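Next, two complexes with chain A in common: one pairs it with chain B, the other with chain C.
After this line comes the complex of A and B, so read on.
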């Protein structure tokens, strides 16, 4: 395929490649994917492949991202002609287009009303329900967004994407215990998702920072980071979190050591020697990852630039303390 | 590695072809000479000379080594190695990407 990037949703591709893709849009759109002949003959002359509609959908999203609403309109017209206007997914995509084209808040509220109508007609229309949550978020009504998302999850409790979004919405409101609960649901569905294990560690760490009463939160965060590293070798985000969590535990060590023994209900907190060892390991591995990635060694060049910079900054801060 | 495997494959193929051709020639020759001499058909497999048998076995071993050496690197079968390779290669094939990107909830206006 000429455009491998178009087989992935565009929210992950870089700005420059999204721009390049949307510049290619007129050329891709010039080739009509469907045949104009009537039904039995159209089967013979159509140039449709499995990837055609994935490409159209992602091209549509890329165009909206770069503000090329004209090409986006053409994409959505092709998709509607193929799948019909009442298809759930097409309804959601048409909604995205209207959201992007809405000039002001009043127009966006009108889009929201359309979503409400569609949901009343078919309460199980998940793509449109998700759009409703996104629109409420864009309208800066987080409480309504959360309520609507909870309603969605009542209907479909195994939707990991929705649980993950709910966790983020709660986190934005600093409701840590609810955010952690939602992420636990994600982990029940995908227990091997290493990024989610690390995310859990991050949430626990943040909740400790906001209310540093219970030191067992930190040891739980430590365990989550260790699990994410167990699931994924050389995981930069996991080692970063492990290092800062260990630092925090070691800072608190003299204060908590007397209480910790009494507070251990289910799992005892890790011993200071063990935490010290984990800290050393995390520092060593972070230094190795940063070194190999910055030298662009083959097989090590896919790390995120921002994450590498953050890891380097963390290591430098450490070095400064030692020099002093 | 690819140079060594190419050499091994070429040598193995030559030996294999030679051994098969020799075996064919030998059976053709011995059956005609025996049938003209005594009139009783002999079992050609039992009378195959030892050098042809050895050449054939060596050719098969050499070819096997060459094919194994020239095959593509094995894919990881351990979860942590597989996940680590995905992380190091820019997360394009991560099956759990949807949990972080959440296209369904994408905010177009941000």
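After this line comes the complex of A and C, so read on.
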């Protein structure tokens, strides 16, 4: 396949490659996937493969990302011609196009009304329900977005994507315990998702920062990061979180030691010596990752540029403290 | 005592062109035809009504909690378990709360179940009809022909497999009759279909029959009472033992990396 990037969902493609893809769009769209012959003959001459429609969908999203609405319109036309306008997925994709093309809030509200109609006509239409949540979020109505997401999750409580979106929405409202609850649901569905374990650590850390009453949150955050590192070696975000959490615990150590016994019914907090060791380990590993990734050693690529910079900044901050 | 006498039969080479090849070609073509016929006859699966979706997924959520509960901290797990067990026992997620405790309706009178059975019937028909026709065709035209000789020796146990339709006791096992060739192609063409149609084809009835024996074991059967399933799951959750996976994770990490 000439465009390997097009076979993955575009949320993982970088900004630059999305731009490159959408520049290729006219060339890809020039090759019609379905033949123009009448029905029985068209079976013989179509060049459709399983990947064709994945490519079209991802191309569509890349085009919207880069603002090429004309090519996006062509993609969605091809998709509609193939699967029909009442297909759930096509309805959601058409909705995305309309959202992107909406010039002002009034137009966006009109799209939202369309979604409501579609949901009334077919209450099982999950893709459109999700679009509705996204539109409400775009309209800056987080309470409504949360309400409709909770409704969706009552109907379909095994949808990890929706749970993690709900967790993000709650987090944006600083409702930490709800956000943590939602993320726990994601972990129940995908227990080995290391990114989610680390995310859980981040949420716990943030919730500790907002209300630093309960030190057991911090030790759970520490353990979540450890779990994510156990599942995925050299996970930059995990080490980063581990380091700052250890720092926080060590900072608090003299204060908490007096009342450490009272807190935490789940597990006793790790001993200061262990935290110290973990901190050393995280610092060592972070330095190694930053060094190797910035020299672009083979097997050490694929780290996010921004995350590397943040990790380096964290290490530098540490170094300054030592110099002083 | 010399070498065992090698049986030779003077065969008309036309047997090869007019029996062996036609049977093979016809069998392959029927397979392909059957593949496309099944695709055409497939009815799109009907959408489940919303309450049923909710019932099914809520049950799966219970199963998830049981299987992956170790991911949660003990306090959070206890809360969830208490909540879920009481909900399951009350039947909060049932699609049909009034139908609790009543016996399930007879599947023959249920129109939804009838539809499923029709689909199965259709699948059976696409297998049965061509099979009967070809079998009749071979019996009518080619019965009793010996059409080829295998290039390797075999034990006499294979006689019934390779020489059906030929009633000679002393014939060497290596000779294959036309009816047997039909059976061999019937069961042995799956790789050929895989090559022509791709691996996920429905050309061979044998594999299809095997698939029908256990239609997706994970799904809730239509004749199971959902209320019983929920009560069952609540019981499983109640007796479950919880061990937090984060217990001692920092020691594991230190042992692994330091």
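Basically, the second predicted complex is superposed on the first by the 323 of 324 C-alpha atoms of A that agree within 3 Å, B and C clash if a C-alpha of one lies under 4 Å from a C-alpha of the other, contacts with A are read in each partner's own complex, and residues count from 1 in each chain.
Heads up, the rule we're going with is that a residue touches a chain if its C-beta (ideal position, glycine included) is under 8 Å from a C-beta of that chain, and two chains touch if they have at least 3 such contacts.
Quantities reported herein were computed from a predicted structural model and do not represent experimental measurements.
Peer 1: Which partner does A:67 reach: the first (chain B), the second (chain C), both, or neither?
Peer 2: A:67 contacts neither chain B nor chain C.
Peer 1: Considering only touches as defined above, state whether A:127 meets chain B (first), chain C (second), both or neither.
Peer 2: In the superposition, A:127 touches chain B alone.
Peer 1: Check whether A:100 is in contact with chain B, with chain C, with both or with neither, and answer first, second, both or neither.
Peer 2: First partner only.
Peer 1: Quick one: chain B or chain C, who's touching more of chain A?
Peer 2: Touching more of chain A: B.
Peer 1: For A:302, select first, second, both or neither according to whether it touches chain B, chain C, the two together, or no partner.
Peer 2: After superposition on chain A, A:302 lies in contact with chain B alone.
Peer 1: After the superposition on A, what does A:138 contact: first (chain B), second (chain C), both or neither?
Peer 2: Once the two structures are laid over each other on A, A:138 reaches chain B alone.
Peer 1: Based on the superposed arrangement, let me know which partner A:158 touches: chain B (first), chain C (second), both, or neither?
Peer 2: A:158 sits against chain C, while chain B stays out of touch.
Peer 1: Name the contact category of A:224: first (chain B only), second (chain C only), both, or neither.
Peer 2: Once the two structures are laid over each other on A, A:224 reaches chain C alone.
Peer 1: In the overlay, answer first, second, both or neither for which of chain B and chain C A:236 touches.
Peer 2: So A:236 only meets chain B here.
Peer 1: Using the touch definition from the top, say if A:285 reaches chain B (first), chain C (second), both or neither.
Peer 2: second
Peer 1: Return the residues of chain A at which the contacts from chain B and from chain C coincide.
Peer 2: 230
Peer 1: Going by the contact rule at the top, pick out the chain A residues touching chain C in the complex.
Peer 2: 122-124, 154-158, 181, 184, 187-189, 191, 220, 222-224, 226-227, 229-230, 265-267, 270, 274, 277-278, 281, 285
Peer 1: Taking the touch rule as given, give the residues of chain B at its contact with chain A in the complex, in rising order.
Peer 2: It is residues 79-81, 83-92, 94, 96-110 of chain B that touch chain A.
Peer 1: Mind pulling up the chain C residues that touch chain A in the complex?
Peer 2: Spelled out, the residues of chain C in touch with chain A are 47-50, 53-54, 57-58, 60-61, 64-65, 67-76, 80, 244-247, 249-254, 256-258.
Peer 1: What part of chain A is in contact with chain B in the complex they form?
Peer 2: 8-9, 11-12, 61, 64-65, 92, 96, 99-100, 102, 108, 126-127, 130-131, 133-134, 137-138, 160-162, 164-165, 186, 190, 192-196, 230-236, 299-303
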